[in-house]
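Take a look at the structures below.
Shared between the two complexes below is subunit A, which pairs with subunit B and subunit C, respectively.
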Partner chain A sequence: MKTDRIKAGLLITVLAATFFIIACSKKSGTDNGPVATNFDKGAMLTNYADNLIIPAYTDLQTQIAALETAANTFLATPNADNQLTLKVAFRSAYLQYQHVSVNQFGPAESVLLNNFLNTFPTDNAVIDGNITKGTYNLAQNSSIDQQGFPALDYVLFSPGAVAKFNGTEAAKRKKYTEDLLARMKTLTKTVLDNWNNTYRAQFTGNTRSDAGSPIAFLINQFAFEMDQMKGPRIGWPFGKQSGGTQFPENTEGYNAGISVALAVENLTNLKRMFTGNNSGKGTSDYLVALNQKPLNDDVLSQFDKAINSLKAIPDPLSTALTNNKTEIEAAYREVQLLLTLIKTDVASATGVRITYQDTDGD
Partner chain B sequence: MPLISFFTRFQRPVSIAPLVIFRVLFGLMMLAGTLRFWLNGWITDLYVKPKFYFTYWGFEWVRPLGDTGMHLLFLCVGVSALLIATGLFYRIAAVLFFLSFTYIELIDVTNYLNHYYFISLTALLMIFLPANRYFSVDVKLWPSIKKAYVPLWAIGAIRLQIGIIYFFAGLAKLNADWLLNAMPMKLWLPAKSHLPVIGNLMYQSWVAYFFSWFGAVYDLLIAFFLTNYRTRPVAYVFVLGFHLATALFFPGIGMFPYVMIICSFAFFSSALQQRLLNRIGNTSFLPASTFNSYHVPVRLKSVLTGAAIVYFTLQVVVPLRFLLYPGNLFWYEEGYRFSWRVMLMEKSGNTFFYVKEPSTKKAYEVNNAEFLTPLQEKMMSTQPDMMLRYAHYLAGVYAQRGIKKPAVYAECYVALNGRRSTLFTDTTIDLSRQPLSWQHYNWILPYVKK
Partner chain C sequence: MKNYLHYPLAILAVAILATACSKDESEDTIPQYDVPATYNFEGANYLTSTQRVKMALELNAYLGSANTTDITAAKANDYFNNTNAPFADATLNTSGINLAAKTANGDTFKGYFTQRAANSLVRATPAAPGVAGFYGNRLVDGKGIEFNQAVAKGMMGALFFKEAVNILNNVANADNNTVTNGTTAMQRQWDEAFGYLSVPNDYDTAKVYANTDPIRPLLWGGYLAERGKGIQAGGVIFNAFLKGRAAIGAKDYVVVKEQAAIIQDKWEQLIAAAALAYTTIPTQSVNVGNLATQFHALSEGFGFISCFEYRSARTKLSNADFQTLKTIIGTDFYILINEPGFAKLVQAQNILKATYGLQ
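Now for the complex of A and B:
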């Protein structure tokens, strides 16, 4: 029959063309597409959950507990010595927070962990008002800039803090500090419990790459954290958006004077997340499996460049903004290059869309 | 004369069934699409939340209508779709559907999708087609309008429209990246390795080539195989297989596969569709006569013929306009839209805008998130005309903020079809002074394969 002949002809054409193309592409050896080896995405996600994400929350929980102990000592006897000890615990916990900052999806997203734990700059006037009034609701979304690490930074370490804890509002100030810590503990526990109880299985069992999948979350969050580095952490206080007018008091961890340390920790951890902690089961290995080793090498070396350029800036960042402009400009540039690599090249190579909205496309 | 016989052929009366079935399916599909859009919360996300909208050239007056207004507009789309399906106040419903749907699509270039464009075009055609003359509420209300036969062109118009889409979608795939490098399939398929059974195949090079070549051949030839009655049943099995596969592999394309599956049904013969309709609608076969055959009113005949010729000429010319532009089409995207280039390339970009005040030499880097949604930013970062619109908008915003004569510069990096990202824009050119136009954009740097 004629139909069959047409069908057969069509099929043969397609098959012949396909084989021809494959034969050609093998010879030329410039095939930059995927390789024929399989990559176990499930194992990668399990590595992320069990060796990176869940331990990071567990450590944060421990660090916040230690911070609370140090805070209680300081609150019982508010003096400069205890404040110094407290600052060490605060720094340590805040640095650990940088390890979970990138995980703002799933459990963290549903409680807005980043928003409640690390919105800076804080609204200091409102915080002072809260303390004076003694009434406030830290569970409200509108109160994100009155709590978390930045609020602790202001309440515990701003100039004259020790005196204030011995002043007329000492009891209320103490109460506010305790409430801040309690809220941080609760939120962290909620997220950790959610990971351990239900989300871990969802996360490791979903090897898709479309919007809302764990792999897409990871790539999107890498880009998002880089955006935060470029914007709120470094660029905005430096005056990048404001024609050079600087906002030193808007830096992360301003009163403790640890902005650069936090930024370095953030980016170092981002690299650790990208490589899956060099376990052979990270995003970086996925890229290599997709025959994108040159890209992966470039990303890793750009990570190092950006981290080293950040390290060249001395803390506190608030004074470095005026004294170390060259170093900050250089770091800003390296961060921007890294951001572009992740947002365009890595996203393209992994077939992930950088968008937080789920809509149709073609 | 062959030309005359060609035209008489299109006047030949055929059963109205294909047109009626198309009307019902199209209406129901549009209703479902509208509900889906509404329930996903996309009305608010796409048409209420954004601060800035990328308008179309000549349609700058099309603005979103606010939260209530947008929901009412979608209600209008949904209701008119339902009216089309049931065939109640059909002509009015078709006009309303076309206007409201097209208005929505014209609000923001960000949301441009080829199948939305297809829906607008089809809705426009349907205004002029007598799809309510049978199996409709209108016929129940006004029995005198009932017709069992229409001239072949009334169904042919829809078939031709679908054929054009497939063919140009196929032509668009005839490029080196698609055929010789299997791009972007090589990038997209490994992202689908979660699929059961076939998942591991997604890493194989030959699968990417197979998808690319099969897709190209399918698009180029399917309309011809659907037209020929001998190959039609097999061709329709391919339609089902192809579009269900795309729905499975690329869920991001939404309603598109289902729209094409339903519309391609229009290729089935009048006789077959009449039998189908008789079974569903409890109607019976009527012999053709002048009484039950639809004819265009004589006074409108030449106007409509002229309009149809202009319309279909444009349908062929518009997708080919890219030939008038120099440079790589995928890079510049000049003449890219409205050309049935569906799932054709993997392109992503990252754009930094800087506003500079010439008198003080102060520079202000723009936080795109302040003005654009993530989706808008993503779309803008690879499409020159959107960048330009945004740059003009930024100049206005920063002027209001007190910057004197703001100059706007873009530093954009774009990665295309798996190649490494390179600088896309000339960072020394003040985009606020570059006009939107149909001319080649000189502020886009040439495409360099890296």
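Now for the complex of A and C:
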């Protein structure tokens, strides 16, 4: 009996000490994410930086330079042939942009790269006004819907564009096009330089999973891109948020008629990002190391279903909205399933909180 | 002798529990008294604090209704002054207390009521720079501010935080010998300060309170979780209130003062965390171009930054930096959100991060 009491006292002490250890170490456990055995998160992040993210920006820079060259030819001689050549370069650069869209954190976030390069739909009335007035400030945040790929799409490829470049405002229109391209070049260079000079080390050196960590950024952005696919890229123009009322002119790359191609490229690249380009050092492999192989298999198979269902929609999306409703409904469904898998299941398995939607109650 | 061996061990265990996670206390200054896990102290009473929280919530709800209906400054003043029985909760009408008596800068708030009432009349007008009206579900003035947020968050400072800070400044000097209705003056003051935090007496930082829960955290209590999780505001402040109240019972005034300081400092850091969040949200790519979200956040930030005016004397925020923050958040919101690189908002973020050790 006496011994029992001593044991009880000791037990309380041990319990208290245990509680102390658990209570005070819980925080760091959460921040570092779940434990993945035999998996090098630093190597994963290095793979993302060196083999996916930085090359994607470098390629975008090259593509925008090629786009500028084609644009200069068109601006010097605005005719239908040169416009056609320009459209090829535009399409190619816009497709490449889909490879960096997912990287909206760190350097891209600090210059609002996605906002300035790809806010659609554009405010066409304001763009026309800018051209007519000849005064505008593209550095202002309020001008995000007057520039980037969508503004080029409107200025260069909307009906009657060639005639306008030969009309009374031709000089002002050329100047605006040049300013749009110059700004896209500057922003892309700023982001790429920042990655190369300072951010790469910050990114690869932080293997935590709490808000603001690279792993949390990646998972959040995977989910965010899926939300964009479900909303502005496919669902909203299709009428999913408006009781069936469609907005064909709000599609991405509307005038060039390349919305589906852009969507397919976006999702194909997202799968490449998810798998780390099948390097064995991707989010996909991290999931397997976390004993989540079944989930990973589900995600990979759902990626393929969603990509294939998007491919079944013919461009231009603006006319497919009325002619191919069945295919769009099917793609929308697959996209939604993939969104749920990533935003809920993958986020939970990797211990990442989805933070891009503020849950402000009031 | 052996029979009682477990008692010291058990006490030691409790002592470890009580002090394990706080590093800046020496154990020998803490007499051995229990710190309970809930604020169920004998005779604890903070009814007037709770009533003022409820009054503020009804006032806020009235000002919020300007989105859908005409409101008047006169009616808002009735809520503020408790005149003409304005409250749906009838016990508040007969409580004999009001918001106005404890609110600093009352005229500022009355001015907000007037502006909010004026804005309610143009609630069907799309807002634009210089033009009051709506963005989405947000009703703003010509500079983008939602005055109901200026009131709600501003009064969290000018009434609740200010009162708590002032009480905690002097509480250790109050009479702790004369017992009236089961408590001493010092205990009643401490309880009143605790009431302004507005959390359930068994507050649990791990629990997610439904917004239908009748005993959920309110106002500051809600922000412990909404913006204070990263700095453990809920646990730190609640535990300090428990420990301080227990220390008053044991006449351990060193600990009382210590806990009062912990509460003041963490509460002020919570203001900073909220202000940081609301000066950051408008700059995030996901919100850029969404003026309803950007202006709502800035309006909350406007209110939270005004709370710093009532910070304790031990504050880390210099007056110069406070003035800078006020000037920034007092700038036309259209200018703040359109600036390349969000220069002013980033300056505000940097002051808050550097001063309060926030990320």
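By definition in this document, the second predicted complex is superposed on the first by the 319 of 362 C-alpha atoms of A that agree within 3 Å, B and C clash if a C-alpha of one lies under 4 Å from a C-alpha of the other, contacts with A are read in each partner's own complex, and residues count from 1 in each chain.
Just so we're on the same page, a contact is a pair of C-beta atoms (placed from the backbone, for glycine too) under 8 Å apart; a residue touches a chain by one contact, two chains touch by 3 or more.
Just so you know, these numbers come straight off a predicted model, no measurement behind them.
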Contacts of A:295 with subunit B and subunit C, given as first, second, both or neither: first
Touched partner set for A:235, first subunit B, second subunit C, both or neither: first
First (subunit B), second (subunit C), both or neither touched by A:38: first
Touched partner set for A:182, first subunit B, second subunit C, both or neither: neither
Touched partner set for A:139, first subunit B, second subunit C, both or neither: second
First (subunit B), second (subunit C), both or neither touched by A:114: second
Touched partner set for A:341, first subunit B, second subunit C, both or neither: first
Broader residue contact with subunit A after superposition on the shared chain, subunit B or subunit C: B
Footprint overlap on subunit A, comparing subunit B with subunit C: 2, 6, 10, 13, 17, 24, 211, 356-358, 360-362
Touch list for subunit A against partner subunit C, complex: 2, 5-6, 8-10, 12-13, 15-17, 19-20, 23-24, 104, 108-115, 119, 139-142, 144-145, 211-212, 224, 356-358, 360-362
Of subunit A, residues touching subunit B in the complex: 2-3, 6-7, 10, 13-14, 17-18, 21-22, 24-25, 31-39, 41, 206-211, 215, 227, 231, 235, 240-244, 289-290, 295, 336, 339-341, 343-345, 347-362
Of all residues in subunit C, those that touch subunit A in their complex: 2-3, 5-10, 12-14, 16-17, 20-21, 64, 149, 152, 211, 222, 226, 230, 281, 284-289, 293, 296-297, 300, 334, 337-342, 359
Subunit B - residues contacting subunit A, complex: 40, 42, 45-46, 111, 113-115, 179-183, 186-194, 200, 202-206, 208-210, 213-214, 217, 221, 225, 230-231, 234, 251-256, 342-343, 346-350, 352, 357, 360, 362-367, 369, 373-375, 378, 403, 413-415, 418, 420-421
